[in-house]
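Okay, handing you the structure first.
Labels A, B and C are assigned to the chains in the order they are written; within every chain, residues are numbered from 1.
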Amino acid sequence: MSASTASPDQTPDDGVVVPRRGGTTWRRLKRNRLSVAGLIVLAIVVLLALLAPVLPLIDPAATNPANRLQPIGSEGHLLGTDHLGRDLLSRLIWGGRTSLSVGVFATLIAASIGSLIGLIAGFFGGATDNSLMRGIDVLMAFPYLLLAIALVAVLGPGLVNAMIAISIVNIPFFARAVRGTTVSLVASEYVDAARALAFSRLRILFREVLPNVMPTIIITMSTTVGWMITETAGLSFLGLGAQPPTSDWGAMLGAGREFITRAPHVMIVPGSAIFLVVISLNFLGDGLRDALDPRLK
Amino acid sequence: MSDVRADAPDTTALLAVRGLRTDFVVEDEVYRAVDGVDLTIGPGESVGLVGESGSGKTVTAMSILQLIPDPPGRIVGGSIEIDGIDLVRAPERVLRQVRGGRIACVFQDPLTSLNPVLQIGDQLTEMMRAHQDLDRRAARRRARELLDAVHIPQAERRLAEYPHELSGGMRQRVMIAMALANDPELLIADEPTTALDVTVQAEILDLLRELRERTGMSLLFITHDFGVVAELCDRVVVMYAGKVVEQAPVEKVFADAAHPYTRRLVDCMPQLGEGRKDLEVIPGLPPALNRIPDGCAFAERCDVAEEACRRGTIALEGYGEDRLVRCIKPGARP
Amino acid sequence: MRAYVVRRGLQVIPVTFGVTLLVFAMMLLIPGDPARAILGSYATPENVATLERQLALDRPPHIQYVTWLGNVVTGDFGRSYSLNRPVLDEILERFSATLLLAGTALLITVVLGLTAGIIAAVKQHRWQDRAFTVGALVGLSIPSFWLAMIFIVVFALGLGWFPTSGMRPAFGPSGPLTVLHHLVLPATALALVAAGVIARLTRSSMLEVLRQDYVRTATSKGITRQSVIMRHAFRNAVVNVVPVIGVQVGFLLGGAVYVETVFGWPGIGRMLVTAIGTRDILLVQGGVLLVAITYVLINLAADLVQAALDPRIRLG
């Protein structure tokens, strides 16, 4: 396609023997300090979200109008309070449960459906491939967020609908990546061998091809999960996602927007959380990719 | 380091490489690709630099114009002088005048060596206009003459074509035309025929010989193929594991190679047209460049090696009147 | 080139067809009676009946589609009940505001992304590389709706450099400086994510290209380092970047929804959010269709630019 297809020797000489990088993916990943930092941050955030019910937190829904819009670091409220006097720390952790699980679920849905489409298209080829991928093209023809908004317009606002919309919008990324890998696998020898042994096509597809497509699926998941968390939060921010009394980080941000002049911390707190999680995911994803493909380092 | 002044500092030399050392550092491991190489090229002389893959011949040649990517490569010692200018220490501006001006290069693979998105004509004129005060039209005219000179038919039309529209041999002719654009004093040709079809190889070699006769430029020809050396070169320098192991006039090497490695190379010389019968005839592999053993690096593969070959440092010493060899048993036969 | 233009141009047809089909399907999928949804809850039964006839809602879906498509092609997107004006008028007006915003953001994206990517690649392993690489990652990790608010807090409320909201039309009575003054914050907030993506891609493309043989050839010619980097390396690297710039336009058009909401920018994104709230389905449909078709054409343009830059695509 382009300049990058011309791939001469990586080594500048006719043969300075450069060894393959030694060690496992994990060891290489450990060497990337930013990735390790990302992993630690994510572990802490996930742990906090999981432990929310047992942590000594104030009821996230408990209002206290007399104590509203308290700043960060105020007595009894480490991160302050919102416009109804609710504890921001507690809301942040409980909201994180919602945001993270919605993001992860959206990723799983998009990954399953998208990968299945990609597998089938790549494996069976021909007219199946053509019609499936034309459908994917049409999904890709919409600007990313716009399609999600259109879907919410049809399904109606709500957290589950927002999650479904975001999953659908992300299906093409999985379908395309998985199809590409599948096509190259189908052309490879061991699938031929499996054919020669007269295994059924479905058995070849799920027993031979699927395991080998997993790395592609995992890499695509690692690159899209951050977007999905951001975009579901975004829909909630616009009032199209989580509806009261449910609250995720996006809805907290949307509420904080009203008090941007008097109490900016109400929107800074949940926004920082989204940013922190997404950038940690990206650092980790980068490290993973570098570890799997050191050439790009 | 170099132990002997290869050809005692020669004021008539066009280019003098002395004690060149080039390292590659990958993952904190140092690979000594070139380890104290001395090399001189006289005006109008044609020198063949011969060795297997990984012998350091290409790194030596690329070090001359500082074309080694840094990192990972780095020249860590020695000098490369042309007219008293040391290219290793020369400022970028001076280096630029030499690159493409006094010394030009032709590389191994003409497809990847030409810029795929620029027209042939633009790549040629760029070379000229970097060194000569030419307007667009004059440069274009000269570009066409150059294509004529390397026997490319329909030169005018070719100027507007892109590399992928030409055949492999044609592309290498373009590379050669480009190298000649500023009438260089020295042409460095790094295995210019390796990537080409056998029939085309002969044509390119003929072209190089013809151009050398016509222009009188010097030639440093890097190859692993002694057959080509025989056709094109006056003198041959053989490298092994980053060091020069033998240096001699071409006819003497063929008649009576002093170093066992050279002898083996000459023995397995493919007849031109037979393609790469290749050097794998010598059993074993060269040592890893980050773990070069004591003594002679070739000892492991040598058919006349003895215990003494694996100890100390073996110097490059005079052999006969006009030869140098790095071997304690020069001329030995099994 | 002509053959390529025709080939690539023909691909637009099925995609556009699919887009119209999907946008039309929105109407079918919406729960309840479409005519009532279109006219709002205060419509009289007579009006509903008339509209059902006009839109062929009493006929099978494929007839409905053809009727709808015929209307759309002739510029009849229906009438917005909540605004009581033709949808086309409203979406064109709103779209020009979005184009001003997204266009400016695109400019920032391209300039910032390419520059950062080139510098990072050329200075690989040095501090500039680390700074730009981390910077790009920060850029593409910040949610733009949050960044927009941070900008307001810092640059509008805090430092008072820019207005907190509002827009001046590009060709209106206020001078270009006023227009720009209102544009800086929203356009930058919108651009940073895309700029991060472009910077990373430019960096990796440049690194790939910088180790190609022809870059060594260029150096061996004795031209300046700058010429080697721009004329030889970048000229090749940008071939890969251009189609992704086209894709990023999609992120800018989508992200505009957030930024318009935060900055009170009267664009199509804010209109869509409002229209979803009032269940004004024709407005949503028209807006989505217009933006999607624009995006299809922009991707076409990006691919044609790519072909113009790379003879192997153009002539192959």
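Here is the rule we use: contacts are C-beta pairs under 8 Å (C-beta built on N, C-alpha and C of every residue); 3 or more make two chains touch, one makes a residue touch a chain.
Keep in mind that what you see is a predicted model, and the values were worked out from it rather than measured.
The leading chain pair by number of C-beta pairs in contact is A-C. Among the remaining chains, B is positioned farthest from chain C, on the basis of C-alpha centroids. Measuring from the averaged C-alpha position of chain B to that of chain C gives a distance of 53 Å. Chain A and chain C have Cα centroids separated by 22 Å. Counting partners per residue, chain A has 3, 6, 8 as the residues that reach two or more other chains. Of all residues in chain B, those that touch two or more other chains are 62, 69, 109, 112, 116-117.
The residues of chain C that reach two or more other chains are 211-213, 236, 239, 310, 312, listed in rising order. Of all the residues in chain B, the ones that touch chain C in their complex are 62, 65, 67, 69, 71, 92, 95-101, 104-105, 107, 109, 112-118, 126-127, 130-131, 162, 164-165, 175, 178. Remark: chain A residues 1-4, 6, 8, 10, 34, 134-135, 137-138, 141-150, 152-154, 156-157, 226, 230, 233-234, 237-240, 253, 256-257, 260-261, 264, 267-268, 271, 274-275, 278-279, 282-283, 286, 296 touch chain C in the complex.
Interface residues of chain C, counted against chain A in their complex, comprise 14-16, 18-19, 21-23, 26, 29-31, 134, 137-138, 140-143, 145-146, 149-150, 152-153, 157, 204-205, 207-209, 211-213, 236-237, 239-240, 249-251, 253-255, 257-258, 261-262, 272-273, 275-277, 281, 284, 288, 291-292, 295-296, 299, 310, 312-313. Only residues 125, 211-214, 216-225, 227, 231-232, 235-236, 239, 309-312, 315-316 of chain C touch chain B when the two sit together in their complex.
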